[in-house]
Amino acid sequence: MSDHHVYKKVEIVGSSRTSIEDAINNAITECSKSINNVEWFEVQETRGHVTNGQVGHYQVVLKVGFRIEGS
Amino acid sequence: MSDHHVYKKVEIVGSSRTSIEDAINNAITECSKSINNVEWFEVQETRGHVTNGQVGHYQVVLKVGFRIEGS
Amino acid sequence: MSDHHVYKKVEIVGSSRTSIEDAINNAITECSKSINNVEWFEVQETRGHVTNGQVGHYQVVLKVGFRIEGS
Amino acid sequence: MSDHHVYKKVEIVGSSRTSIEDAINNAITECSKSINNVEWFEVQETRGHVTNGQVGHYQVVLKVGFRIEGS
Amino acid sequence: MSDHHVYKKVEIVGSSRTSIEDAINNAITECSKSINNVEWFEVQETRGHVTNGQVGHYQVVLKVGFRIEGS
Amino acid sequence: MSDHHVYKKVEIVGSSRTSIEDAINNAITECSKSINNVEWFEVQETRGHVTNGQVGHYQVVLKVGFRIEGS
Amino acid sequence: MSDHHVYKKVEIVGSSRTSIEDAINNAITECSKSINNVEWFEVQETRGHVTNGQVGHYQVVLKVGFRIEGS
Amino acid sequence: MSDHHVYKKVEIVGSSRTSIEDAINNAITECSKSINNVEWFEVQETRGHVTNGQVGHYQVVLKVGFRIEGS
Amino acid sequence: MSDHHVYKKVEIVGSSRTSIEDAINNAITECSKSINNVEWFEVQETRGHVTNGQVGHYQVVLKVGFRIEGS
Amino acid sequence: MSDHHVYKKVEIVGSSRTSIEDAINNAITECSKSINNVEWFEVQETRGHVTNGQVGHYQVVLKVGFRIEGS
Amino acid sequence: MSDHHVYKKVEIVGSSRTSIEDAINNAITECSKSINNVEWFEVQETRGHVTNGQVGHYQVVLKVGFRIEGS
Amino acid sequence: MSDHHVYKKVEIVGSSRTSIEDAINNAITECSKSINNVEWFEVQETRGHVTNGQVGHYQVVLKVGFRIEGS
């Protein structure tokens, strides 16, 4: 086994009608369908749509980090 | 009707005793009293006051974007 | 009494299993155990750990500002 | 007459189907309908929509500077 | 009375032949002619013109924050 | 159908001998060969090669955003 | 004696009713009461309060660097 | 053959117990197992773990650029 | 011949009444009158003057890189 | 035992005549004399002195993170 | 005569025992000894040395812009 | 003799097949052939070429500071 790992970071945008945390969770859940070993996330931007004078969706741009398998 | 739009962005600070989302909503609600066509927001900074060793207010600095009427 | 104050800012990372606000509060509470006169905070970064395809902990990096006693 | 001026900067987003320059011009033209003394602009961001695998609109975020009348 | 306030930030450029502080004051004075409740400023950029090998004007770009009336 | 979407952003560099817009279009066209649902782009950097004292190629670094299918 | 030194940087906010330089000096003076070997400062932000349409206080955020004793 | 190329950049984190250069090389080597035409890298961040008061691993976050085949 | 080169970057502002690309070319052409081996450029800022409610000049701030002769 | 931790980050400058890694290690070693639980570092800046046309010292500015005891 | 100009920006550090403005002026004066047509400056950083617990020198890093002769 | 100095900063890119430190040294050595009084450097970017799946050259972009003679 190697004594060092290599990680990759991908940039994902999650959205939610209810909260920033929910938007993050939606992104992480979607990521984890196709990627193993997701280990951390970093919020890059928080933004959203406004509909009828109220927040319609929160949109959170994340970097998501995962270990490359076999590394 | 034009095939392109022009938007303006203004910088607003919302505050709330309870949550970051609530501070965002307070800013959007206030904005929408005087501005039509608000379409999106971008969080610039999140900060707050501390009172007696606890968060007193969350303060969220937003850019709020709206379409200029007639454009 | 002086007509001006001097403040210091320290950088703290709070964490929470439940929300960003809770991570901020955990950091402020810990700070206030050893520092008097904490007056404000500024969020620097929001990030977190992922465990089993879900957010494990939110981690919020804060600058926390307090007035230097006697200044 | 004063020996100094005061300027204001507003943030505008112009769009165009054809080019970045055209998006800038659309924003400047719209601004000049309601603001006198526009003197300069600074590009903040260049972005756009994609429709059917091609650029649909260029969107250019500008700061636009103008002299405050009477200053 | 509301338990939270909403603030707006505008971007202003003050200038002065004599000092950076004077340029800031010129901007604040001009702002206060048309805006109530100005509460704080943040320097964004400091720059200036040079005439005959000497500073002609200091120009200071400020964000100026004020409370929205009624909020 | 879900009431929220998840998006991914990838970083692409397009180049062109003729213009910045053409470099952007080359990148978008190449992307759209292998990715569905491309919705927007954000210019990160504009640069280029110089050959014989003239611009040889414009190179535009873009973030390209697309909706993840099924999200 | 070591052939290398280790330094620490702390973040301080000085304020003054009169000038930016005075705010810097107030911060440095306060720092030097409790820290030896202060060697340099770096201005991070310049901001201030407005009272009655005039600058009330300049506030200057500084990083202050000092050599760790014995290093 | 096209007179222009399209490149993609991916974000990778290499680690090493011995040096920053070794962490970069570990990331490049891992990348090259699955990607052809890797042409350049850009260091984004340098960081690491500390174990028992000493550097345990250097971690280097890289953008790695490669030409898209056929472009 | 050395197995490594040393490059220098200078900061130039090109301007044009017609387009961003033309402003870049004007800067590169002027540079190449006095500098050999110009190899690349990086756009730092795009801005311009407004005259009579229209773009008067585009101004593009570039870093221009060239190999130092003999290196 | 708490299910969350609080961390603090301090900013340290290490120096070395020989390498960047050695400057990092000197900073970490000095830190660990007075701080327990140092867990990670983040390089902020790399710079140095030049003496007689050669690098005299590398200076590396680090943020160093440690867990607050009892948290 | 050309209908466009080309400018160059150089980076200069001025210092002064007395004020930030004086440090700027010292840099501009020195520049103007060897460069014609200096037209503007932009402050990049403000920093300084501390001697005996007081500001020893203000150091101001400037970009200084001048028109290239004949352009 | 003046009680203040003026410095200039130039931007240089050093390269090396072997290490980041060697790339820095190559840049400093080249600079010192034509510039006296080089006093410090600041790393701006670290990047490099990849050849056959391995680092071909490290490239380090530096700001190099020197005192202007006679100042």
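In this document, chain identifiers A, B, C, D, E, F, G, H, I, J, K and L correspond to the written order of the chains, with residue numbering beginning at 1 in each.
In the analysis below, a contact is a pair of C-beta atoms (placed from the backbone, for glycine too) under 8 Å apart; a residue touches a chain by one contact, two chains touch by 3 or more.
Given the structure is predicted, the values throughout are model-derived calculations rather than measurements.
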**Message:** Under the document's definition of touching, what chains do chain D and chain G have as common neighbours?
**Reply:** E
**Complete:** Listing by label each chain that touches chain H and chain I gives F, L
**Prompt:** What is the chain whose Cα centroid lies farthest from the Cα centroid of chain J?
**Reply:** D
**Asked** When chain G touches chain J, do the two copies use mostly the same residue numbers, with over half shared, or different ones?
**Response** different
**Between chain H and chain J, centroid-to-centroid distance (C-alpha), Å** = 23
**Fill in**
Chain centres from averaged Cα atoms put chain A and chain L apart, in whole Å, by 38
**Fill in**
Note: chain L sits from chain F at a C-alpha centroid distance in Å of 33
**Request:** For chain E, jot down the residues that touch at least 2 other chains.
**Result:** 10-11, 20
**Prompt:** Which two-chain combinations qualify as touching?
**Reply:** A-B, A-C, A-F, A-H, B-C, B-D, B-E, C-G, C-J, D-E, D-F, D-I, E-G, E-K, F-H, F-I, G-J, G-K, H-J, H-L, I-K, I-L, J-L, K-L
**Message:** If we count contacts the way the header does, which residues on chain H are in touch with chain L in the complex?
**Reply:** 20-21, 24-25, 28-29, 32, 38-43, 64
**Prompt:** Mind pulling up the chain I residues that touch chain L in the complex?
**Reply:** 3-11, 63, 65, 68, 71
**Residue ranges of chain J in contact with chain L within the complex** = 19-20, 45-50, 53-55, 58
**Request:** Spell out the residues on chain D that touch chain B in their complex, using ranges where they run on.
**Result:** 10-17, 23, 26-27, 30-31, 57, 61
